[in-house]
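In what comes next, chain A is part of two complexes: it sits with chain B in the first one and with chain C in the second one.
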Partner chain A sequence: MAEPLAALDAAPPAPSRQSSRMTVEIRQTSPAGQRILIRGAGLLIGLAISVAILAWAGVGLGNLANEFIYAIFSDSRSVASVLVQMAPLLIAGLAACVAFRVRFWNIGIEGQMIFGSIAATLVAITDFGPPALRLVVMLMAAALGGMGWIFVPVALKLKLGISEVVSTLLLNYVALNFLLHLLYGSWQDPKSSFPHSEQYDAIERLSPIGWENVTLALPLALLLALILWWALNISRFGFFTRFVHANPKMAKAIGIPVLGVTCAAALLSGALAGVAGFAISAGIEYRMTQSFFFGYGFSGILIAFLARNNPIGVIVVAFFVAILFVAGQSLQVFYQIPGAIVQLIQAIVVISVAAAEFFIRHRLKWTK
Partner chain B sequence: MADFILNWLVVSPAFAVPFALAALGLIVAEKSGVLFLGAEGFMLVGAMTGAGALITMGGHPLLALLVAMLAAALVSLIFAFLVVVLRVDQIIAGLSMVFLCQGLTSLISTQQGWTNRPISGLDPIALWPLSELPILGRLLFHQDAVFYATIAIFVAFHWISNRSLLGLRLKAVGENPDAADAAGVSVALYRFGAVLCGAALIGLAGAYLSVGVAKIWVDGMAGGRGWIAIALVIFARWQPWRALAGAVLFGCIEALIPRIAAAGIQVPQYFMLMTPYVATLAVMIWAALLRSPRTGQPAALGTPFVREERR
Partner chain C sequence: MTRHILRLLAFGLALVGLSALPAMAAFKLKGEPKIALVIFTQKNDGGWSQALDEARQRLEASMGVKIPVVENVPENATAIRPAVELLISRGFNIIIGSAFGYSDTFKELSEKYPDVAFLNPAGITNGPNLQSFYGRTYESQYLCGMAAGAASKSGKLGFVAANPFGLVNWTVNAYALGAQQVNPNATVTVIYTGAWNDPVKERAAAEALIEQGIDVIGQHVDTPATQIVAQEKGVYATGHHRDLREFAPKATQCSSVWVWDRFLEPEIKKIIAGDWTPPAYGAFLSIKEGGTDIACCGDAVPKDAADKITAEREAIVNGKQVYAGPLADRDGKERVPAGQVLSDADLWKMDWFVKGVISQK
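On to the complex of A and B.
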């Protein structure tokens, strides 16, 4: 009788229960308040890191408050410059938003902006169409130009399965070189021989709305946001995009025209990006310059990401990114901080918010 | 004509090396199942730290290359933490890393005054007596240390990925992380390690651009080579030797651009500058048209591993 007991004694001891460990659990749901809190915390951490980097670069906290808050909201001219900056950002954000709704990663917003502006400038230079409709023709041309430029990646993705991330990005470089070819060649300003197009005539500019230097570009952008909100949230097309976003295979199985919806959303994205190029050329600079598009591609992605692909949210985020752009310009002038700081801060914010989302989908638990 | 071709081929390896190293770095990282879109950014980190290390510390250029590799690996820790631990969408994380690195390198190099400062670069090493061979001697045995190292790295990777337990486990993690995890392989550890090693190789590719070829740092000098490398990896179906062949092809194309201008052939300059990007697209289309049943893409590429959801 004693022998089995002896065998038990020889068995290795049960694992010690004293050490606690952390386990990750997947949350099935997360209340709205908690989601907002977590994303807000991510945003704050991102901004805190940005402030620390700026402090290292020589811009103290007091100066920052001055550049970002006081200098911008103290007089109406500065507020207006934010609103002017906001218009193209808003449209670029919408372009990213509609593409991401069908999981089409349009990284080529800058290339499409270039071709939008080229098409609009072509109309302006050749004085095409009746003068009364010139701006409308330019707008249409810009939309078509952007759409044409995204058509190749769309076709390659849908027909051959080529990753649109790489193809749209590579086409940015092609578009940039084509732009330089024009601006250092036949489209060079004949008056100053600088590498930018000749100035648009008065009828080819988006006219001021009568307050400071804000032009029709802003109402245009807001109108586009409302239309897109309707298209994505009310219309049948928007309903279809939700299925495609959630699960393309399932969407196909229940009879949703996945190919058509993806194609339409991607082309719309290109068209919007083209209009963003038009908004800069006809609404801010009144000519096509060689770097007008710079930085809008990533900003569009950031805006759509932070606004969670909601066109109304895009309006709000675009306003804050516009503040960042304007403050970035004055940091460049007064503190010799390179313009890339704007990009850096945006990247830090995206990373910290995306990282914080871990806590929306997961729960950490200490297990004893 | 013979002179033209010879002069062209002799400079081509210097253009091919960054593509080859970056593509191999991407293969290392992506074999573990992590979609690595940040290559362009890590090339910039490598290029800037390489130049910066040479300016601030002096010393041998090879030391600067080592510093650049370490710096790229260090920055990639952020990326690895995001995608492996926090399970952030790998496309979002990769893209953000590119823009983070663009901003960071521009800010740091401006603050430190490293931009547009000429640096002493790598010198070619003649492997005597092989360097005395006609044509081949100048082409293959009169290059700098990184060129020889690249070949050694490719051979080493070939051996590791096919002959060692490490390589097989890496493949397992990228193909079927669930099974690898069940077999006791730490998916997180392998993915962390793969991202770090991959980023170090991509950093070396970038540092070679500034220290080896241009001998200067300018903002954004990677100029899309990181993206071209991503396309090369897709074209090469994640096989290192095919990637090396692609890198040589692209090196030759890139080396041709200044040669054509120097030879006085009239081609619009900006159309010439488009060729690497157009050629990349063409290669991707060609690879897609072949419609090979095996794309070689690691099955788990782009999907985070969540043990709690393991089947």
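On to the complex of A and C.
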């Protein structure tokens, strides 16, 4: 009994002067060049781990760069595939980006995409409005559909303080079941009685730009990115969002219309997600299918996160994520790598780049 | 009047057939045959996709070729197109799909690559180098319904189904018709989960059925959850896609199984030989033609019932029809007149139930 008490009384051993240790410090500044360097290093580390896994899975290292990069960029079909895949990813990324700018955590992008597509499909199958303006009407309807679906969680948050993380996520399932209700019910293809909508007429499709399967969905996505960049980085609205993002209470205290800015950004996010649904239905599938939205919600969130909620960054990241998708398929096709390893590699690359963010804000220092 | 219309229709069809004839030259493959399979989920999903992958393995063994598989290619054009085009760029010229959701994209690709043969189970599009195919699962589910009727003490059967449309409804009805062959008073209570692959809902549905005193449960979903619940609760079940004794050896009395290789091997040989002419409306395979069959029977099916099932299977192979008239729906409305057989078009549109089927609506 006496010993522990005595030990307590004793002074703690003095730290040895000789030993060095590593400390984490917050960086005061982070120049652009350094940021690019750190992110590049994150990407390289992710790729290095991936290469190690692939080598372990039996892919010859010599062929890898050739197959992975050359095979994609030397083949115009593969480049087109990347760009086709990129368009909806880009719009979904923008939808996440604008909501996250005001700390509205929109996990319901897929639900809003579904309602965007439902609204656009409603216009298409009822042949609403003059044919010449049909696509424009469909686009507007899609934006309104997505906006309408996010309005519910926005209202719930403002009126009852319900966390939008929960409500937007759960409403995805409601939207999916409503979609299935339509596709297995009144909206099933009258031609074949199968559970997808009837095909859109020619005037209801985003037309091809004349290169492989790339359609106007891509220019539309790029245009939206530029508009959003202006809205978030140049306009007064964007200026306000920075205050709201930094500190809503302080923003309110200095007279920023926090409520209006948050609502506007959240509704804009829903509208963009709706347009992403439209871009897939009218630009890729040419009808509303059961699973067109699948995976875009979390991809969109990921893209916005990696792009630091910057619309121009979203363009770049969406492009890389699309490459990752197509390259993942080529690994399966050429090397018979199981699908699970491809997903593992995609996750490792993304996590490495995301983890690099830590070193942009912090630095490690050896202290003696 | 009806006969008149029918004659007109037949004439019209003959005209269509004649005018289509010159265009229907047999498909010619260019270069060495290279086969690949593209799967929309994991190849080891325990159900639909795994059945297809097992057929692929049997084809590899019997034909002595390597058939690579690309998995996790969801039913979206953005995913299907690059996967298939990568294969084609590597010289693959016989592409086997795996899903209804591949239909449009396979159609588009088959037009873009006329020298490549496309085969798509559960698809709905066809062309000179594209063939969709599916099985007459009502035949195998009818036989499993017989096994269920024989294994049931209460005469109350259950059924866990995915979505209420033609190809699911026909398995439900056939199941009831089969059960009623053995026990004329048998009923089938069906629960639609609204999803093909949702083990949680399937479990809840199976448990709800068992609580109602149901002692044999059939299914047409993608997972073996129903069988597993039946085994846990000490009742019986029949399976779909594959022989589900793998997951519930005691409970499973019969399974409607896919035997795609029985259809694919002769089909691929025809493609290679250069005398493949895909039918305009795809292939709709009976047990005789390969595609679907049964793995039967479990211990709870008495010997005489098992013999009866074997005899009935033989009869179906020899042309017996499950949906032969006279057949009325559960409301008494005549659906198939005496002496006739339900047409394929009406099968795909089936939105009615036979007597003894109890559904949510």
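The rule we apply is simple: the second predicted complex is superposed on the first by the 287 of 368 C-alpha atoms of A that agree within 3 Å, B and C clash if a C-alpha of one lies under 4 Å from a C-alpha of the other, contacts with A are read in each partner's own complex, and residues count from 1 in each chain.
Here is the rule we go by: a residue touches a chain if its C-beta (ideal position, glycine included) is under 8 Å from a C-beta of that chain, and two chains touch if they have at least 3 such contacts.
Remember, predicted model here, so these are calculated numbers, not experimental data.
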| query | Where does A:I348 make contact in the superposed view: on chain B (first), on chain C (second), on both, or on neither? | reply | first
| message | Between chain B and chain C, whom does A:F298 touch in the aligned arrangement: first, second, both, or neither? | response | first
| said: On the A-aligned overlay, A:Y184 touches which partner chain: chain B = first, chain C = second, or both, or neither? | reply: both
| said: Quick one: is A:V123 in contact with chain B, with chain C, with both, or with neither? Answer first, second, both or neither. | reply: neither
| task | Classify the contacts of A:P338 with the two partner chains as first (chain B alone), second (chain C alone), both, or neither. | result | both
| request: Identify the partner contact of A:F194: answer first if only chain B is touched, second if only chain C is, both if each is, neither if none is. | output: second
| query | Which partner does A:T289 contact after superposing on A: first (chain B), second (chain C), both, neither? | reply | second
| request: Check the residue A:V165 against both partner chains and state whether it touches chain B (first), chain C (second), both, or neither. | output: first
| task | Show which residues of chain A both chain B and chain C reach, each in its own complex. | result | 177, 180, 184, 336, 338, 340, 342-343
| message | Residue numbers of chain A touching chain C in their complex, please. | response | 75, 77-78, 81, 84-85, 88, 177, 180, 184, 188, 192-196, 199, 213, 280, 284-287, 289-292, 294-295, 325-326, 329-330, 332-334, 336, 338-340, 342-343
| Residue ranges of chain B touching chain A (in the complex, touch as defined) | 37, 78, 82, 86-89, 91-93, 95-97, 99-100, 102-104, 106-107, 110-111, 219, 223-224, 227-228, 230-231, 234, 268-271, 273-274, 277-278, 280-281, 284-285, 288-289, 306, 308-309
| message | Could you list, by residue number, the parts of chain C that touch chain A in their complex? | response | 36, 42-43, 68-79, 81-83, 85-87, 89-90, 100-101, 104, 124, 163-166, 194-195, 348-349
| request: Flag every residue of chain A that touches chain B in the complex, lowest number first. | output: 24-26, 53, 57-58, 105, 107, 156, 160-163, 165-167, 169-171, 173-174, 177-178, 180-181, 184-185, 298, 301, 305, 336-338, 340-348, 350-351, 354-355, 357-358, 361-362
